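We call the chains A, B, C and D, going by the order they appear; numbering starts again at 1 in every chain.
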Amino acid sequence: MQMSADALAQCNENPLYRTIGIRLDAVADGNAHATMTPAAAVCWPTPGQPHGGILFTVMDTTMAFAALSNADDGSGCATVDCSIQYPAPARHAPYTCRATTLRRSGRTVFVRAEVLDAAQAIVALGQATFRLLPPRA
Amino acid sequence: MQMSADALAQCNENPLYRTIGIRLDAVADGNAHATMTPAAAVCWPTPGQPHGGILFTVMDTTMAFAALSNADDGSGCATVDCSIQYPAPARHAPYTCRATTLRRSGRTVFVRAEVLDAAQAIVALGQATFRLLPPRA
Amino acid sequence: MQMSADALAQCNENPLYRTIGIRLDAVADGNAHATMTPAAAVCWPTPGQPHGGILFTVMDTTMAFAALSNADDGSGCATVDCSIQYPAPARHAPYTCRATTLRRSGRTVFVRAEVLDAAQAIVALGQATFRLLPPRA
Amino acid sequence: MQMSADALAQCNENPLYRTIGIRLDAVADGNAHATMTPAAAVCWPTPGQPHGGILFTVMDTTMAFAALSNADDGSGCATVDCSIQYPAPARHAPYTCRATTLRRSGRTVFVRAEVLDAAQAIVALGQATFRLLPPRA
């Protein structure tokens, strides 16, 4: 699956992305890429720095699209588990997230991702397991 | 450290909690408890269900307060790593999160947490490492 | 499922357990308990301290039995993911591991475990996802 | 730091590696590489397949050397946390592990690793946090 520019634009109108400041940039062939310019409201407790849960959210959603990109149209997916590490404070927006599918085994997909700051330093890294959900009839 | 009712109320006015719908209920002696009634804006892609990143956020912030509750006044803390699992969909608000400090070793604190739905079913469980930051002079 | 004393004794003769020094003590109703008295060969690089991978191994195998204890006879299981934290050095054998099933969802089982040293201090804690494999025909 | 052929050979004589069947191949500049030909004794419960804890052990030790390779001579290191995923059964020895340091922040080092089977398929992937220990006086 490759998301078209129209599909990306439509997705980016969703309320979660608009509240946080997430933009999905590209989804194709097991990979996905997103950009986050965090809204002031999610930069707490340190002004200017997105909360760790917000970095997790952009990572999780980008990985989910990477996982879905190799599934049948109309599939859903659920995060089974995700581990995140925070090597450094996130002080320089915008942030970019790239997610890569490492392996799919049946309906289970293993994905890694990194979040980089504006200077290309890693501020979060993760690995997750997703479970693909078949399209609803 | 035990947070007073006033301190909790003041904390709960922060923009992140108000955007998501988080309320910190109690922080004392290595433990913390929070309640989340998710705002509609963070219930995406499934209406009525908070995004997995939002469940992570309430878990991470509750664990951070559990970690801080045994530190010197004015300390900060940073999440080093956190692993989350999602045993079931989150369909029944409000959600409660309880976090428990298992061990502190110097400035490193090991914490576990669970998020339960309104029927007391576990919808997320996590374990994390936090690094305490000394009070600023 | 509850493993009988005979079944436990037979399991404990396996070469992995004998090489490491693992003894499975009890398996019943979603829980499992094991004891490890580490062989000198697996205490490296610090004499007297089992390698972190050995602590992981006792935790993983104990959790697997906890997961299996609620499955049909003859089922197998595979670890999907496991996160481990090491709050303190492991200096006081024997070690005990207790594993608890938190939730089963279809063929997926979510389990937590802790490894304690002889003084009951936590030296490792983990959470894992297992996938049950149906009995072979 | 770069480990010389002599230093590698000496390390590879340690009892843990000999018991399991691990050989450290190269350590330099934040990276490390190892090969595992698992002893029959650690291939349980499925003959011919190393236990998941054994795959973890080779991954953890390889990552530790990657972390140490950028530290002062004589430093030690301790695993703080490690997350492992198992995308597929490990059926084709020998296995190779490559570990890569992603970032060092003070005495904390963030490392990723993969274990590949003889056909270059990923059978385990991990990310870990290590804490460097200063050389003993």
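For this structure, a couple of remarks:
Note that in this section a contact is a pair of C-beta atoms (placed from the backbone, for glycine too) under 8 Å apart; a residue touches a chain by one contact, two chains touch by 3 or more.
Because the structure is a prediction, the values reported are computed rather than measured.
Simply put, of C-D and B-D, more C-beta pairs touch at C-D. The greatest centre-to-centre distance from chain A, using averaged C-alpha positions, is reached by C.
The centroid of the Cα atoms in chain C and the matching centroid in chain D are 21 Å apart. Centres computed as Cα averages put chain B at a distance of 33 Å from chain D.
Contact with two or more other chains is made by residues 80-81, 83, 85, 108, 129 of chain B. For chain D in complex with chain B, the residues that touch the partner chain are 80-81, 83, 108, 129, 131.
Those residues of chain A whose C-beta lies close enough to touch chain B in the complex are 14-19, 40-45, 51-54, 56-61, 76, 78-86, 89.
Residues of chain C that touch chain B in their complex: 83, 85, 87-88, 102-103, 105, 108, 110, 112, 114, 121-122, 125-127, 129.
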